[in-house]
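Next come two complexes, and both contain chain A; in the first it sits with chain B, in the second with chain C.
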Partner chain A sequence: MTLKHRQENGIDVVTLPQRLVMANAGDARAQLKEIIQSGSGRVVVNLAETSFMDSSGLAVVVAGLQTARKLDGDLYLAQMSDSIRALFELTRLHTVFQIFDDETAAVRAFG
Partner chain B sequence: MQRVDIAFSTDPDDMAWHGLIETRLMLLARAAGFDELEIFGLQLALVEAVNNIIEHAYDLQPDQPVAISGECSATELLYQLRDHGRPMPLPLPSGEPAATDAAGGRGWQIIRASFPGVAYARHDGVNLLTLRRPLPAPD
Partner chain C sequence: MTQAQMSTSEPLPEPGTAAHLATPTPTPLKVLVIDDAPDVRAYVRALLRKWGFHAELASNGADGLERLRAGDIRLVICDWMMDGMSGPEVCAAIRQEDFPHYVYVMLLTGRTEDTDLVYGLDAGADDFVGKPFDVQVLRARLQVGVRILGLEERLAEQNRRLKQSHDALDLAYGQIQNDLAAAARIQRDSLPVSDQGIAPLRAGWLFLPAAKISGDSFHFFPVSGDEMGFYHLDVAGHGIPAALLSTSLSRSLVPQSGILAPNLGSGEYLNPAGFLEAMNTQLCSPDGEVTSYATVVYGVLDPHTGRGRLASAGHPQPLLLRANGEIELAPKGGLPVGMFDTADYSTHAFELAPGERIVTYSDGITDCVDAAGRAFDIEHLCALLRRHREASSDALAELLRAAVLAWRGDAELEDDVSLLIIERPAP
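Let's look at the complex of A and B:
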């Protein structure tokens, strides 16, 4: 599994896979960390393709947020489905992340 | 009473068993009238329970047996997970929310959010985790 990644105006935009679960979370976590540390620390994670995520998947984005903030950056989330949003709300992680309906708005929010 | 049984062997790098939960075990939930968001929660809770078996009961060893049965009665949906791994430490986790900056510790919160009835027993070297959810009220 290789995370989709591109840069837009100095911001790393990463698209997570259709399933982000225990079996691929370690790999995804390492790739996301490398992307963030190689860039500016400003990251948008697009969840448009992610239909299923477990607590290991949540740990991937929490670790990404912590890596970004160590670089004085941030990690925004975009385009999550209703079910993924419900998971973030259940675990209260929606209070930790800035969440945007679309990727363009998330990129623009970095200013 | 409807019943579905699945069985598979562990492989920490594989997610094929997710398909069995989604296509076989969630048939019962759909037939019982749960909506899509509830089904997502039930499926996720079962995935978390199996993750616990793979990671903690079997220490990520491959080729270890897991069996799950599902039953739907007139009043509840019931799943029972069986494995031959290490016993679960007791008491079972309460499912209190993890700190928002914690890397892990959210699995039991997810399990208990979908299954208000949770019981664990061990008989003859077999762990048996029972998860119960009342059926939705008819419209």
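Let's look at the complex of A and C:
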């Protein structure tokens, strides 16, 4: 699995896979970290394709946020499905992330 | 240098080549010559010796077979036309025997018709040398035999190694299964056995690990003269790593054995938010990047007044089952423990009238999907709790267990399922 990744105005835009679960979480986490550390620390994670995420998947996104913030950057989330939003709300993680309805808005929010 | 010396004494890198056949003993390779003509036997023996082989002789098929049963000969030169058993008959007999290794048989024959060759091959011969034979041809064909035996030996060696590693894996797998079973027992030991310790409160629970051992755990215990504490924990992930952390956390959380025990009655055990803060500090990795995290609910309840307090860390909101059949959600809490060392938690009060219950559960139950992919979900869970509210907490847990397993059907559980009911009984 390779994460889809592009840069836009110095901001890394990463799309996560359809399922982010224990089986691929380790791999996804390592790739996301690598992308963030070789970039500016400003990241938009697009969840448009992600329909299912388990607790290990959640850890991938949290670790990404922590990596970005260590670089004085941030990680914004965009286009999450209702079920993923429910997961973020259940775990209260929606209070930690900035969440955007669309990717463009998330990229623009970095200014 | 003679041919056989070449084949037996020259160092070759790969095991199983001609050189390997001679190792570790440098003795010459043995070749059995079966021929009823004494002059042919003597001549072939002389050639074999000249080429560095060791020749053994037999004057008929029966003697030859008897000699082969000693098990030390793998290369045979056999005449076709003999008194008693013919060459092809000897070949067939050799193939019938259960030798520990392959025996390579060359037939010496004047017959060169294709039908004869087919007959000989069918009988089990590997090669033919025409008679009268060309010495160089015999030597070259012997080398082919040596090569093939080398390959056969190499394959046998590889098979031995495969079998060894297969056996080792089998052993290790058995060991892991045993260890998992032992771990599952240890984990079950860390779960409640009865609700006597929190009387007059009653409890019921359901525990279904996805893979023998579980990342979920829960327990209840007295925390002071008046109050009982209870927790429900779901470590992220499942399987062995989650279960290890879950079990070690449970051990540290249950007061009798735990590291927090000195605080019993005065510290975190009476203060749910403080309890979660302590857990969060303990679990957060020093490098600031999440490694292991858990969702957890911790609460205390005074059975006599029905007043309780609880705090939650990213866990599904506990359900308050009211006497009139209503179900309320306990307030939302803070972030899971083990993610952010800055996370803070707050304590919320709740109250249970006699006959009311509080239910905590892991999301394994509400996320459990049936064959059509539909989740068991919270509405379904609440409907069952409502419908069976006359049942004892024990019986209710048992009903839910059956309902979840029926929902899942034949498929294995994808996530650990657990649920805890704490009841303030009606007088």
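As a working rule, the second predicted complex is superposed on the first by the 111 of 111 C-alpha atoms of A that agree within 3 Å, B and C clash if a C-alpha of one lies under 4 Å from a C-alpha of the other, contacts with A are read in each partner's own complex, and residues count from 1 in each chain.
Methods note: a residue touches a chain if its C-beta (ideal position, glycine included) is under 8 Å from a C-beta of that chain, and two chains touch if they have at least 3 such contacts.
Treat the numbers as computed from the prediction; the structure is a model and nothing was measured.
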item	value
Combined model on chain A: chain C and chain B, fit or clash	clash
First, second, both or neither for A:N24, with chain B first and chain C second	first
A:S55 touches, of chain B and chain C: first, second, both or neither?	both
Touching partner for A:T91 - first (chain B), second (chain C), both, neither	both
Chain B versus chain C, judged by how many residues of chain A each one touches	B
Touching partner for A:S40 - first (chain B), second (chain C), both, neither	neither
Contacts of A:D82 with chain B and chain C, given as first, second, both or neither	first
Which of chain B and chain C A:A63 touches, first, second, both or neither	both
Chain C region in steric overlap with chain B, selected from 185-193, 221-229 or 347-355	185-193
Chain C-contacting residues of chain A that also contact chain B	22, 54-56, 58-59, 62-63, 66, 90-93, 95-96
Interfacial residue positions of chain B with respect to chain A in the complex	12-15, 18, 36-37, 40-41, 43-44, 47-48, 51, 54-55, 97-98, 100-107, 109-110, 113
Chain C to chain A touching residues, read off their complex	234, 236-239, 288-290, 293, 295, 314, 316, 332-336, 339-340, 363, 415
Touch list for chain A against partner chain C, complex	22, 54-56, 58-59, 62-63, 66-67, 70, 90-93, 95-96
Parts of chain A lying in touch with chain B, wherever the complex brings them together	19, 21-24, 52, 54-56, 58-59, 62-63, 66, 82-83, 86-87, 90-93, 95-96
